[in-house]
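Shared between the two complexes below is chain A, which pairs with chain B and chain C, respectively.
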Partner chain A sequence: MTENSSSPANALITARGLGKHYGTFQALSGIDLDILKSEVTCLIGPSGSGKSTLLRCLNFLEAYDEGEVRIDGQLVGWQDGKASPRKPVSATKLREQRRQVGMVFQQFNLWPHMTAAQNVAEALVQVKGLSKAEARDKAILALARVNLRDKADNHPSALSGGQQQRVAIARAIAMEPRVVLFDEPTSALDPELVGEVLNVMRDLAADGMTMVVVTHEMGFAAHVANRVAFLDHGKLVACVPPDEIFRQDPADPRIRSFLQTYRERNVV
Partner chain B sequence: MDFSFQVISHNFPYLVSAARWTILISFLGMLVGLLLGIGICAARLSHHGWLRRAAALYISFFRGVPLLVQLLAFFYILPYAGVNLPATVAAFLSIGMCSAAYNAEILRGSLQAISPGQREAADALGIPPLALWRRILVPQALRIGLPSHINELILLVKVSSLASVVGIGELTRVAQNITGQTYRPLEIYMATAVIYFVINALIAWGGRRLERRLGVGQR
Partner chain C sequence: MELDLFIRYGPALLSGFGITVLCWIVGSLGGMGLGFLIACLYQWSGSWGRACLQAYIEAVRGTPFMIQLFILYYGGPSFGLLLSPVQAGIFGFIIYGSPYFAEIFRAGFQAVPTGQFEAARCCGMTEWTIVRRIVLPQMLVSITAPLTNFMIILTKETAILSVVTVPELLFETQTMAAETFTYIEPFLALSLFYWAMVEFTSWLGRRVERHVTRHQNRQTP
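Presenting the complex of A and B:
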């Protein structure tokens, strides 16, 4: 691990020897992963393989137990140093670190008592200290980017799932994060609403946004991702360009059998 | 004894005037109870063990001791500590402090009904705890708990009659006084009951309107 711990110069996030356990259950172990700037990295794998846990470790929504996550060289969540056991950074410091990382959740997690524009503007006011008017202008711009300019004053309950998820994406990107994490962004959506969300994500990728996407949308992974990381039983099996995963006979048997289930299902 | 509407019509203005105190004490009590209740609920859910224990102690005391006893204690014991409050202030503070215990528990239940994902979204954005509470958790908890808070306010209107024991001329006290002068308990207490009922019916009606406006229950 220490041997190959040097990371590419354009790595934004580096995970080294990352491990996480719940009691005796080892959810993640020995993950070495680089998230490169302006790239889309998709995390795929069977359910329970640790994809979401890995994603949530990147902004310390889950406190990892072993190894490290660094954003631009700065250790996330834990105080840097030799102290053992490690101490968490202060709440203020953690908030500062999280500001650089946007997050989009499976269940959208919009605040239901606020309109779409208010959902987007809230953190701009509370975290970035913008005035209400500035925040609203910025929120409207962010909503326009996800094609929801006309829904700015609707409450989430008046929006479809796809629209709600796009508001959530607007909320994340309005903060101008350096990277956006997507935790199964289309898994809670009706099939006909998946496309609009994926299109917005495709646009973001084309604009050069660094993205890490946990997904079951193999089409998205195959066509939009720069690299696909395959996890199984909490271990990173491969992190390679999509061609190497999605070709007819992937090298690793675990990837082969995982993709087989998709191929079988998609043959109508 | 014949039922006399004249007794009622003659004394009605005094009762209505006294009802203003009833309303004042119960509404101010509710305001204190809500604001203090938010603080106590926050303490109850704090990371600090001593704050949690203090809040739990507060709640168990104010829920466990009869309000009448609290009122008397507030009114008669505080002066020994050098605190001399006007009876009305002592009354609404005392009612408010008791109500805070109930409102805190209503809020705690409402907060648990808010999906943890909303908190996570705020955490991921780096929203500080005070803003999280003020802007996201409390406004929603108050909406979710609105029917229960209205319930609490209705209870307070009735419970404010206890303030008669510390000499405040609220509705029940004045009804007692008038009865003492007129020997007409039937008419006076019936009129008093109607006034309490109307106040609470209006509160219930206002509560339902507020629920509809805020879209409670259709999240």
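Presenting the complex of A and C:
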């Protein structure tokens, strides 16, 4: 816990003193982060800095072992209380918590035996209990939002990487989550396919979707994010509006040297 | 060839074939079910649970089927388990096959990438839904061939049931041979029966494989 425990009223997710270690390796420590409603928060930093781990702690895909993550005040993954060691919440409770959080993965993770529409509709039927017809209608709408209506009946193997990732985004938003987590959504894509995915994400942001995005796309972070969080060696160095990160002389030397590698390649 | 032999012993052979098929189908489907259950338990249990399941697998795999049958059928009554020969045969088959099936399914679970589970968990699916809808259809792609293979092995293992007097195919054929002093014809006929079962199984396996891989490499114009 830190002195800064109060969180803004419009915070959807709050992390306080968040820590995670694997054996003796401390992957994250002392993270205090607020994800505000209808904002895009980008997580950037060198590889191995803990960006993805932090993202995966937010929906308990990784069980954090210090501090807390709260969504709307509700502790995620662990039972609230003073018990030590903490006990995980019931499987039912965890599923309920995860339903509020959509996730898009670097490797898409589409289910290969289902068509695009089936991928999107599956959880609507199995989790939300919609009829097959209702779920299909909703799936088509979600696919239309990512401009893939005409690919609804294709299997993932017949889609390009960019199209697959857009189906994955449709799958996440069809569940009407309160926030969508993106774990390096464009890192596995050929360069010419990156744009179509980023455009879809930009549209979502414009529609007011709360998003947390781990990315190496500095252009996206600079122009779309409301706030950019910079991580280094498992610690949160800064979480500020993009201008403060991407100006010519960022305050922190770690941010400066990180951005230097991009500047050298003329990316920013 | 003495064809009248087959007219005389035909009904007995066919009934033996029926018993063989019964033991094989019920026993191996039961073994497959038990094996699947073991693999699922293995997937979701801690180190103690896994050690117990592993011990069961090793114990059953480490003993010959014939000995297992002897214990079940002849030893059973001493701990209150009275089984008819056919019951003992089916029950024994389920137990004998289960660890092999369990290992095939366990490999199948491992062949499905973690990301597939994670994507489903993020949607809020229950573990059982994930197995049924996401994992099983994908693992069948890689395990249909070994499953078919083991089913084929099991067709021929049914012959061992004759040692506990199950009136199956080999048992009836031996009776026929002993009573008529003919050997070539009965055992040739016997081979044909097994061959038919094996061919049927591999045909079925190919059908299933075509079905479960239908989504692969399908390009739409």
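Quick notes on this one:
As a working rule, the second predicted complex is superposed on the first by the 264 of 268 C-alpha atoms of A that agree within 3 Å, B and C clash if a C-alpha of one lies under 4 Å from a C-alpha of the other, contacts with A are read in each partner's own complex, and residues count from 1 in each chain.
Keep this in mind: a contact is a pair of C-beta atoms (placed from the backbone, for glycine too) under 8 Å apart; a residue touches a chain by one contact, two chains touch by 3 or more.
Note that the structure is predicted; figures quoted are calculated from it, not measured.
Clashing of chain B with chain C is the outcome of superposition onto chain A. When the shared chain is aligned, chain B and chain C each come close enough to touch A:W111. In the superposition on chain A, contact of A:A170 is made with neither chain B nor chain C. In the superposed pair of complexes, A:A158 makes contact with chain C only, with no contact to chain B. In the superposition on chain A, chain A positions 59, 61, 91, 95-96, 98-99, 101-103, 105, 107, 109-113, 122-123, 126-127, 155, 157, 168, 171-172, 175 are in contact with chain B in one complex as well as with chain C in the other. Residue ranges on chain A touching chain B, taken from their complex, read 59, 61, 91, 95-96, 98-99, 101-103, 105, 107, 109-113, 122-123, 126-127, 155, 157, 168, 171-172, 175. Every residue of chain C that touches chain A in the complex is listed here, in rising order: 113, 115-116, 118-127, 129, 133-134, 137-138, 212, 215-220. Here chain A touches chain C in the complex through residues 59, 61, 91, 95-96, 98-99, 101-103, 105, 107, 109-114, 122-123, 126-127, 153-155, 157-158, 168, 171-172, 175, going by the rule given at the top. Within the complex formed with chain A, the chain B residues making contact are 115, 117-118, 120-129, 131, 135-136, 139-140, 143, 215, 218-219.
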